[in-house]
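Take this structure first; my questions come after.
Should a chain be cited, it is by its letter among A, B, C and D, assigned in written order, with residues numbered from 1 in that chain.
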Amino acid sequence: MPDAAYESAVADLVAANRILASQGVLDGFGHVSVRCPGDPSHYLMSRSLAAALVTAEDVVMHDMENRPVREADRQKKLYYERWIHGEVYKARPDVGAIVHSHSPTVVPFASTPAPLRPLLHNASFLGFGAPVFEIRKYVAGSDLMISTAELGRAMASVLGHKAQVVLLRGHGNVVVGPTLQVAVFRAYYTEVNARQQLQAIMLGGDAVVYMDESECRTTDKVMTANADRPWALWKAKASADGS
Amino acid sequence: MPDAAYESAVADLVAANRILASQGVLDGFGHVSVRCPGDPSHYLMSRSLAAALVTAEDVVMHDMENRPVREADRQKKLYYERWIHGEVYKARPDVGAIVHSHSPTVVPFASTPAPLRPLLHNASFLGFGAPVFEIRKYVAGSDLMISTAELGRAMASVLGHKAQVVLLRGHGNVVVGPTLQVAVFRAYYTEVNARQQLQAIMLGGDAVVYMDESECRTTDKVMTANADRPWALWKAKASADGS
Amino acid sequence: MPDAAYESAVADLVAANRILASQGVLDGFGHVSVRCPGDPSHYLMSRSLAAALVTAEDVVMHDMENRPVREADRQKKLYYERWIHGEVYKARPDVGAIVHSHSPTVVPFASTPAPLRPLLHNASFLGFGAPVFEIRKYVAGSDLMISTAELGRAMASVLGHKAQVVLLRGHGNVVVGPTLQVAVFRAYYTEVNARQQLQAIMLGGDAVVYMDESECRTTDKVMTANADRPWALWKAKASADGS
Amino acid sequence: MPDAAYESAVADLVAANRILASQGVLDGFGHVSVRCPGDPSHYLMSRSLAAALVTAEDVVMHDMENRPVREADRQKKLYYERWIHGEVYKARPDVGAIVHSHSPTVVPFASTPAPLRPLLHNASFLGFGAPVFEIRKYVAGSDLMISTAELGRAMASVLGHKAQVVLLRGHGNVVVGPTLQVAVFRAYYTEVNARQQLQAIMLGGDAVVYMDESECRTTDKVMTANADRPWALWKAKASADGS
């Protein structure tokens, strides 16, 4: 792996952490990862740290079993739920980046039978499904977190092969994308769509008009190609507000 | 066109972009345009850029077919939905400025049968109608965006000759006004009215009292004459917050 | 009137404007006034200006007919709805200060049959009533604003002799208090109570528990005596955020 | 008590005040206390002051009857509701810190029959109960505040021996924890859970899935052990925003 590509990936990952904190998707908890450039069997993610505080020095290279690769990283405390990342990367070769957040308005959808559905064109990826992972089906009396490889695999299997989002009951959500910019874009618009869908249901109940399947397919391509516009804006804003 | 009038229009357009970003009407997407002073067959709008980042150097003069007029602007990437502007300016000689936004609380109204209606006096212009453009009636499997002259014309025809706002299902809205200050004022209060109307419906259902037609006519004149008061405030605020 | 008392009243009025803007009660519109110290037949209020921009130089002494007293102020543009102030001061000798705002969550209560009621102890003054002024009963096709002495008198008569708040349908509200600090306190907590009451109704419908009459009487005395604690905090915050 | 432990406790208490203000849990009113390190029969709390303004100089050592211990503190104005602290510390030896707030979205739950229940894993402590203290059962026509030892004892008795939160009708809530960091964590997540539960009820009514008892027990241990992660983030943020 050439140094320049690696350093650029690290810089983007730090920016992703700051952006997600600045935009209210990540708070004290949650994490974002990206596959190593040119090396799909490893991924980059911060050591255990609140997203707003992450710097390049905190980035750890993990293998697919979520172990730190570099000697110097072996003593670092890693995220408790890093299993999310390894298992999704293994199950989904199309996935290049992952955001796990407790983004606030998605939690109510994770804890009710109301499905999260694509209302806003920026959230067209929700048309590929937004299944709910009910951890209670796999383990009783848990802390609701994805703290083992088994739970990571179960969650990845609920995510399946088409969906770009899986909701975690009582906990949060996991959003994936082909690139870091697209995963960040989708994590942000998952929250926005949840807010707008909740309001639309309050206004219109069953009469809400959602995007249909073909609209979702078309729109997702356009959004994926344009994820760089808000990225630039959000990065500037995160710098300005000190995140 | 005298240089001073042109430069003043550009400065106001930059301020409008910053104001709309600072007030949460525009985010990474959306745009605002104004007719060229003294030359109604051209309009000014930024090249494709998030509103908060627009400067005078980014302003492009477009003709009614949404093409850049100046040689130097021909290589610039333009907004994907610029058709909104040309087609509305052609259909509505009374319109001097246009805002296209994804302002958050208007989207639920665009995706349910509940009509957006004038609740707050500042939003009296809603009394002239707030029709919904359902793109699915014109094209199947689209990306919901106004990306052709045909769609621009269809949307302008739903806007009609009286309304000052048209809602775009699953997408956003387009607000017009005789001047840039009035269009910005209306874009802001479209969002405020949507929030307050949603809350009023939750409190009062069908018993909500809206403004009647004659109240709307009277009030809109007063508001149009006073759009400069919040403009000055918002401009100061946008400067202060770095937008 | 001694100079020191006058200057202190002006400084407090400027602070009240900044506080109300910083706390989201006033925006581009709305105003706050206070009786002249030692001279109950005059009141102080800014010339027509957004609250966040008011300085000591903008303060105008008005008589009970809402005319500027000083020669130097005769050319200044005054607030369009200054009639609110003169008529309430004339009708209510107990009132020492008045806030007229479009505070956002109060508007839905002004436009539905749901009465605003005291839920939160800080808003115990709502127990003295929160009647709605329906301007349509007095004038057809108006701009909803209190733009004449007649409308000011009609509104003051709906406010009556006990209430500390009157809601203006489709428009906003007017809050009064014995002192400027108490009026500001009440304007802020009118908004907070509206938000919490709306949420409580969504949760509990008719089963919401409101404060009873004797609780309101007792509590209002305590709150009136303690309005200086948030005032100091809000003043510091308004300074810090540049309002 | 060694000086270093005492000074560290004071510094943490100041940080807790700033964090709770910065995160919107405390505003002009409310307070936070912590037991003296190594001396469970005394506690530290600011003199009567808005949380955002508290400095080390404002910290007063109180005895279990809520009296200032040091000569120099005898003239200071103390919080009107300090009885909350003494009575809870006496009744609950497991409690090391207490937050009393008017955190906004908890008030609607305090004033309706809808119980606050654990929806989000960070709020698993709600599984130990969130009873409502209805002051009207103890005293008629009160100001709703805990202004006597008797009311403090009544409230502590409603809190009971297991719950970590008690809601005060029409007023606010009291949250406890073994340490200051845990009490702050819980005060914050009580508010977050209230917002998410309200939204979930609007979406799902009776079909909302809450955490079950064993999940709450397991999760609360993990959260208690990890309360330091958001604390560090919130402290940095409070410094940055001047709280």
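Heads up, the rule we're going with is that a residue touches a chain if its C-beta (ideal position, glycine included) is under 8 Å from a C-beta of that chain, and two chains touch if they have at least 3 such contacts.
Only a predicted model underlies this, so the values are computations on that prediction, with no experimental measurement involved.
Novice: If we define chain centres by averaging CA atoms, which chain lands farthest from chain C? Would you check?
Specialist: Of all the other chains, the one whose centre lies farthest from chain C is A.
Novice: Over half of interface residue numbers shared between chain A and chain B means same, under half means different, so which is it?
Specialist: Comparing the two copies, chain A and chain B contact each other through largely different residue numbers, since under half are shared.
Novice: Could you work out how far chain C has to rotate to sit on chain D, using CA atoms and steps of 5 degrees?
Specialist: Angle of rotation between the two copies: 90 degrees.
Novice: Roughly how far is chain B from chain C, centre to centre by C-alpha average, rounded to an integer in Å?
Specialist: Here chain B and chain C have centroids separated by 32 Å.
Novice: Return the distance between the CA-based centres of chain A and chain C, expressed in whole Å.
Specialist: Roughly 46 Å separates the two chain centres.
Novice: If you look at chain B, which of its residues touch at least two other chains?
Specialist: Chain B, residues with two or more chain partners: 202.
Novice: According to the definition of touch, which chains form touching pairs?
Specialist: Taking the chains two at a time, the touching pairs are A-B, A-D, B-C, C-D.
Novice: What residues on chain C touch chain B, complex-wise?
Specialist: 27-29, 48-50, 52-53, 80, 102, 104-105, 107-109, 111-114, 134, 136, 140-145, 169-171, 198, 201-202, 242
Novice: Could you pull out which chain C residues touch chain D in their complex?
Specialist: 118-122, 124, 192, 195-197, 199-200, 202-204, 207-212, 214-215, 217-219, 221-222, 226, 229-230, 232-234, 236-237, 240
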